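The following pair of complexes shares a single chain, chain A, combined with chain B in the former and chain C in the latter.
Our next item is the complex of A and B:
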């Protein structure tokens, strides 16, 4: 799968080489004028492996996220002229030109890459040896497409999605230059809620965790399907943003979302002794007792792996079916009698 | 009156009976649906085990075709085509060309031989009909006229509104993001005859191609070659080159007449674009023009 992605990497690699020509000051200058070509929706080809590679950049959408202050060359730093050769894969851990304000250092995603490397999704085991099925382990782009800001505003105690023009106006009374106020506002308020809609997060995890072949290789349960059957899963399917998605329960306490451990690891948020604390986390079941999730929370009904759960499921499904269809049949025949009150198979002899 | 009441009652009972049956059917997948899903997943897996990589890819492409990605920002929802592994957002779908006889076989992204030019040429294929470049007028023949046609209906349409939006974007300092290259229409060449305009490739040609495709199984290899030759009649070995349009002297395409705004026309015919294409001069001549010659050369 990862190999498949690599074919498409070039599309995005070359693709970033653009952006921002006609945009306001916060947007980085496009010094190579990449957008001259990459603004065309049809800039594309089919590569040697038959993969579709699209090099189009939607400027409006690119300028809706935190990367809008980056120049194309910040990520695609192998491109230094136009026309250019196929670009190399972007290394998200490289430094870009943006200076991180708290440390006054050039920004990089290196720390995130390090966190990912020591999580269950890292490519090396605890001894530093490559885990089997290396191609199954994710790189940045396997989970992340280009990020968007998801700002919120608070007006008279009510929270709304989107930017508060009133708040930005207040910021701009001091921070007048360029779009600094808008950018800062969107950057900070987007962190006040989930940066993705929960269903998108679940579908993202499902790309691997719902793939039968992937699960078989790694001996994993079908946790996505079983999650979708839970109360949490159904609420999210109905559009809730307040319900726990995969990240809410599986990220190690106090860490960023890239540190997810196997449930067999004592540090894991879903390790049996950590579950009560995870359920009782801020914004969730803070008043809950230790046994709130003292069961197999989203169980897979696998006959060989979990026979008790499997047969319990069969029993309860059978019970529901027997009770329901018995009474439905009873109602049906009762109605039939109302329809034909005098009908009988037995003829009375007179 | 009594009879009427009885009829209403019977109807009522019948409706209730119908509801009871429907409810039983409605509940069945809710109770037993999970096992069904598992079986389906297993059978899919078994199916997957037996297929070659190419077949798997084909199945994926078909699946992806139906797949769109949805990003909910709370204040805006972005629906767009899904391309596995793509980092940058696309934002919208492209209107397909339903009427081009060339696209019918060669697809929307037909150029892939010339490494330097293929993406650029495919880009142009989104708003230029193939015959614009591949069927230039022969020597001694009058120049072609060019018009826009609708990708859906094939009918001639006025110059696209999106071209005006592009001009507007030059005039304002506000952030405006016009769409380039997706106009729902394409430029195609045609001929003025007896005061009326006729596209080089019309409905009749498309019907001919459709008929060839549906009946090619019955044709002998020789007849197939003959038919292909007929279909490609008029296709030039030397297509129109970039510099014929991207120059500041005399352009092959009448940009102004086709609705291209002045500033953008200047951009297309001056400095940067022209400078870049000067560096791209390698062309691939499609081998279908010379049947029998090996297609190996790039």
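Our next item is the complex of A and C:
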């Protein structure tokens, strides 16, 4: 959505733009005034790999996400002047200049990067050797672009999306300065539900896991398609947020969403012996018996792997075909018979 | 015995009795529930299609539509059980009762009585199917002559008798998916899912194409047959679809002289 981490634009163009189109920046404490150039929708170029890069920053979108209190330089710390050289790719695990209030340390996403590294999505195997097809393993930004806050307000026992004025009134009676109350409220209440809509999560996993070449390289089933055929997938496609998306079943119990393990790892949430606990987790199938784990969620109708489903499907397809072809043929010939009601090959006498 | 006259006259036209109010009400409940089940079920079956979400939202969305689906399914299952009991009671009271009154009830006559029930398929239907195809493929100019229930109507009638026993229990399992896993293996739910979704497709395709052709789309029926409301068939419909019965009823009522020749597609059948 926002490709703001990147190369500089031509210095001459910047000069022209800054001279002719200068207006007051919206991000007030942006000491380098990056927005002076990056507010223009056409700010883009074709990079060395022939890829189209857009450097426009939609401030409205930027301001609805959790990074809005960061300055550009907090992440793009290699840039110290404008016009600037091509920017270095941002390392999300670096320390930014925001001081995290609970620990009074400068904030970093490093622990998340560490979690990801020891998950199935990490680039190194257990012995520390690089896994094959390195380029297939995700970085932060392969899954995350600028996230948005999805705050909720609770009034009189009803939960509704957004920050209601009523909800922050109590905060603002003490925290009067600036937007602190709103910011903090959004930060906290956005975490009362998932940051993304479940369908976004599924499409995000699908970027790799539905790609046929990727699946072939890693010998993986088409789990996205099979997921979409489950009641979970269907309810989510119809707008429900109450049922399980990929993360609800695949994240290791008690860990953050970045620790997803292969189903062959004993720690995995979907490892054979862990499935009952995963299905029966809080808010899900708490009434279920132990046999629910025997339910097959990612059915591909493959003859070897899912013989029962394969033959049932053939049976029902055959049944539907036989019944319908018989009756549709009957209707067809009946309509045809009406065209020539008196014609016959063999005329019967009474 | 019956409060329904086999033949009635209205505005100078002759009508032939077919369904009692009791049966007509059962049919209305049946098709209302099936339609409700279809429009709350198929958006889920085809959740990825663009029409699915608007239709599902119209039916109450992911919170309400499943409840409507389950309620309609419960009513339909109830009707199925009720109708089966109704049928068995009628059979025992009328057919077996008659035999018993005459002291002729034994295993053989009981079986024979069962197969002469008007809805039960028998050898005559097999001959009627062959006759129908002979006629449709122009090998004869004599349209099939059906008794009170033609083989197509019997198929329509027994479709729920194979559909509901597959769809119903599978639906109940999927409804109580958590509770039943204390007793039955999870893979049964996989099977129930396929049974429910594919049998539903067959049922809906059959109803919307074949049954609706029989009662809506066919040229002489369009836009809709009325027997499901009135309980009586017109003379034309009777001649067209139940010529054997027509002959029998007319003869029984001493109307031999007024019997009209068989016709098909609006034209009188040439002998």
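The working rule: the second predicted complex is superposed on the first by the 277 of 350 C-alpha atoms of A that agree within 3 Å, B and C clash if a C-alpha of one lies under 4 Å from a C-alpha of the other, contacts with A are read in each partner's own complex, and residues count from 1 in each chain.
The criterion applied here is as follows: a residue touches a chain if its C-beta (ideal position, glycine included) is under 8 Å from a C-beta of that chain, and two chains touch if they have at least 3 such contacts.
Because the structure is predicted, anything quoted here is derived from the model rather than measured.
After overlaying the two complexes on the shared chain, residue contacts for A:133 are found with neither chain B nor chain C. Judged by the touch definition given at the top, the superposed model places A:240 against chain C, while chain B stays out of reach.
When both complexes are overlaid on chain A, the residue A:225 reaches chain B alone and has no touch with chain C. Of the two partner chains placed by the overlay, only chain C lies in contact with A:299; chain B stays clear of it. Looking at the shared chain after the overlay, A:311 reaches neither chain B nor chain C. Looking at the shared chain after the overlay, A:324 reaches both chain B and chain C.
With both complexes placed on chain A, chain A has more residues touched by B than by the other of chain B and chain C. When the two structures are aligned on the shared chain, A:338 is found in touch with chain B and with chain C. When the two complexes are superposed on chain A, the residues of chain A that touch both chain B and chain C are 313, 317, 320, 324, 328, 331, 336, 338. Touching chain A in their complex are the following residues of chain C: 43-45, 47-48, 52-53, 56-57, 61-62, 132-133, 135-142, 152, 174, 177-187, 189-191, 193-195, 198-199, 201-202, 205-206, 209-210, 213, 219, 264-267, 269-271.
On the chain A side of its complex with chain B, the touching residues are 4-5, 7-9, 11-12, 15-16, 22-24, 33, 36-37, 39-46, 50, 52, 54-64, 82-83, 90, 141-142, 144-146, 148-150, 152, 160-162, 193, 196-197, 199-200, 212-213, 216, 222, 225, 229, 241, 301, 313, 317, 320-321, 324-325, 328, 331-332, 335-336, 338-339.
Across the interface of their complex, chain A is touched by residues 9-10, 13-14, 16-17, 20-21, 23-24, 27, 31-32, 34, 37-38, 41-42, 44-45, 48, 57, 69-75, 78, 83-92, 94, 108-109, 111-112, 116, 118-120, 122-127, 169, 175-177, 179-182, 272-273, 276, 279-280 of chain B. The residues of chain A lying in touch with chain C in their complex are 228, 231, 233-235, 237-240, 242, 285-296, 299, 308-309, 312-313, 316-317, 319-320, 323-324, 327-328, 330-331, 333-334, 336-338, 340-350.
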